[in-house]
Amino acid sequence: MSSVLYDNPGPAAKRRNLIWSIVFFILLALGLWWVWRVMDDNEQLEWAKWRPFLAGSEAWTTYLLPGLVNTLKAAALAMVIALPLGALFGIGRLSDHLWVRIPAGAVVEFFRAIPVLILMLFANVFYDKFTDISSETRPLYAVVTGLVLYNASVLAEVVRAGILSLPKGQTEAAKAIGLRKGQTMRTILLPQAVTAMLPAIVSQLVVIVKDTALGGVMIGFAELLNSRKTAAAFYASVIPSFVAVAVVFIVLNFALTSLASWLEKRLRQAKKSTGAVVGVDAVGELATPGAQEHPDFPKGDQPPDKPV
Amino acid sequence: MNLRKVSAAAATVLALSLTATACGSDDKDSGSGDGDGNGKKITIGIKFDQPGLGLKTPDGYTGFDVDVATYVAKELGYDEKDITWKETPSADREEALKRGDVDLIAATYSITDERKEKVDFAGPYLLAHQDLLIRADDNIAKGADINGKKLCSVAGSTSAQNVKKSIAPDAQLQERSTYSECLDAVANGTFDALTTDDSILAGYAAQKQYEGKFKLAGLNLSNENYGIGVKKGDTEMLDKVNKALEKMVADKAWEKAVTDNFGPANYKNEPAPKIGDIVK
Amino acid sequence: MFDFLEGYDLLGAFWVTVQLTVFSGIGALVWGTILAAMRVSPVPLMRGFGAAYVNLVRNTPLTVIIVFTSLGLADIFSVTLGAGGDFETQNFRLAVLGLAAYTAAFVCEAVRSGINTVPVGQAEAARAIGLSFTQVLTNIVLPQAFRSVIGPLANVLIALTKNTTVAAAIGVGEAALLMKEMIETEAQLLLIAVIFALGFMLLTLPTGLVLGWFSKRLAVKR
């Protein structure tokens, strides 16, 4: 293994690396040993506390799986509602008309600048005071509302970036064959942009899944992290229940992250398309209020038009 | 596998999940029945994480509150299988009754003047006292002794307010969302005590995972009269529930529920209170 | 019109938000840079640890991490961070720890992408004059990398500012917790929400503008 930062190790470097490895290994082992010791002292290592989660399904079917279903339900609903809304505002921001562009931009900037928790808390009390939604489904509505408002504004930027990432030649060619603006958007730009956006959309889904947990703690939404509480009370297992919940989240999100990276790789190598893509790394930038420029797509960096 | 297939698959998954959610949310209104049973349903609010009172287990729901509610529901004409149990967190109880999300609430629900403005109470069906749960090898003689000690309770609960206002204003109070979140930290000394009603504490002390670790300090810090919450103004329901509670005491079912649920916890309960007799 | 604000320490709550942001921001910068150094280091074990840390933490909800600092770290592992039984201080410090641990994963990835923007020739020249890995990294590569990652780091900082609201989950008295209390007791729901929304915009928008300006000024012209 070599890198630009260091040469292929010679004998001295090999020895030094070995020493570093050993030192780091000892530090890691000490840390793990401490964790083990403390958990042992607090009886968190007892098989009785791990058994419900590791062997047997009752802990999962009684507590955690219903929570996971709610987590997925909220995330799916939020994504499905936020996408068309985001597309609307994203295209609105690209409009030629000032009276469309400015309000669309203001809405996007506003909701990107606010923590999603503030939106959830507001929605929760709003539904309580002004609607007849029952207290059982109200947390779901509030969580989805908060997630939609925030993520629609992020997705609006993703859509805008997706459209901007397409080579200029696409629009020019559409104009040349006499398509109107709406037609160009609908039949030429959007279909290609959607493909280009896929990695960013999947990547944003991870953010949504993670944010559902906020609703569990702060407004009593019965999602995965919240269901941990009842399970921990019944089995008296704090650490095992945390580990179980964290593992589910990590596996789920890791799968989504991997899917996003795979899609991005496919798109970048694709021969048939323009090669335009809104990458996973761009999402952090697109979620930031006030960020107008997308460093991922400076003009000179656009993929060249390919002969059809 | 090409991209178009992936997109199509993703769209299918999304569509499926939508249908699933649509189906999932259909059955929510069936619970709030208001009639006389006969196959109808009744929704009762309880706690899900209080052993001895209301606990969700893989085999269903157990506890004194659950038994009382089941008995009352039976008297109202509902079979056990017609009962829908719903978790009603402390802060959400009045609102849940007002909206009709639940028909009754039996969730360690103390009768207070403030709450009586918003809901009606049947009962009381149990008299409990605020107490401290401490480590088995520890001792706390009186309420004021917890000044300067580390205490855990639930945010917004009457127990927490009592501590802050009168019992021990100088105690360090950590507020959690449920009592069960305090237990392990009391066990290992991070906190010195958990405070709430002795009936709840006894259940935790007796939970088999914590056997021999905790005891109750045995201080009567307050009187908590547990009532069954009924929607404000529904006097017909109120009367029926009160009659059911009286009958439960008369035919010894109350005694049995106490022995079944508090017996293992060694909880020395007060005798069955008379209906309408609130101990201040 | 604003009578209802009386009795609430609005500025105090936002000050806690700012403190959370600053302290955990510093912590995340330091720990994230160390993680990035590990990820590009010649020691395989360190590379593996850095990669595992980033992948695990990035895919865990921040809420899980913050709640764990209180119910797990403090309760089970007795990590009280020298707060000595003062729960207000303890919860604040635990929140800073959780936020820093979470944000460090994102700082690490930003710094690592910054390291990749430094031209190969820089590192090669440094190695040619006999500098060691640590010297190459600290004297040559990182100073250039940081200038190019100010933009991405600003995004991380703004996300962190918004993420501090999660500290409300363990009872830290920052802006979101105060808002929750206020909208549940006061009648002016919309007005209160707008006030808090504006508060957060005041915190996030200028950060983006100032750091955006810096990132342009300091960008290495190539």
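Per-chain numbering from 1; labels A, B and C assigned in written order.
By our rule, a contact is a pair of C-beta atoms (placed from the backbone, for glycine too) under 8 Å apart; a residue touches a chain by one contact, two chains touch by 3 or more.
The structure presented is a predicted model; accordingly, all values stated were derived computationally and were not measured.
The chain with its CA mean position farthest from that of subunit C is B. By number of C-beta pairs in contact, the leading pair of chains is A-C.
Subunit A and subunit B have CA centres that are 37 Å apart. Mean C-alpha positions place subunit B and subunit C at a centre distance of 39 Å. For the pair subunit A and subunit C, the distance between C-alpha centroids works out to 17 Å.
Residues of subunit C in contact with two or more other chains: 71, 75-76, 78.
Of all residues in subunit B, those that touch two or more other chains are 181, 184, 188.
Of all residues in subunit A, those touching 2 or more other chains are 42, 217, 238, listed in ascending order.
Those residues of subunit A that touch subunit B in the shared complex are 41-42, 48-49, 58-59, 61-63, 69, 72-73, 76-77, 79-80, 128, 132, 134-137, 194-195, 198, 217, 220, 229-230, 232-238, 263, 266-267, 270. By the touch criterion stated above, subunit B contacts subunit A in their complex at residues 3, 6-7, 10, 14, 17-18, 20-21, 24-25, 28-29, 48-51, 55-58, 86, 89, 92, 95-96, 99, 101, 177-178, 180-181, 183-184, 187-188, 207, 209-210. Within the complex, the subunit A residues that touch subunit C are 1, 3-7, 9, 13, 17, 20-21, 24-25, 28, 35, 38-39, 42, 44, 110, 113-118, 121-122, 125-126, 129, 206, 209-214, 216-218, 225, 238-239, 242, 245-246, 249-250, 252-254, 257, 281, 284-285, 287-291, 295. Note for the complex: subunit B touches subunit C at residues 150, 155, 172-175, 181, 184-185, 188-190.
On the side of subunit C, the complex with subunit A involves touching residues 40, 42-46, 49, 55-56, 58-64, 67-68, 71-72, 75-78, 106, 110, 113, 115, 120, 123-124, 127, 133, 136-137, 141, 151-152, 154-156, 158-159, 162-166, 168-169, 176, 179-180, 183-184, 189, 193, 196-197, 200-201, 204-205, 208-209, 212.
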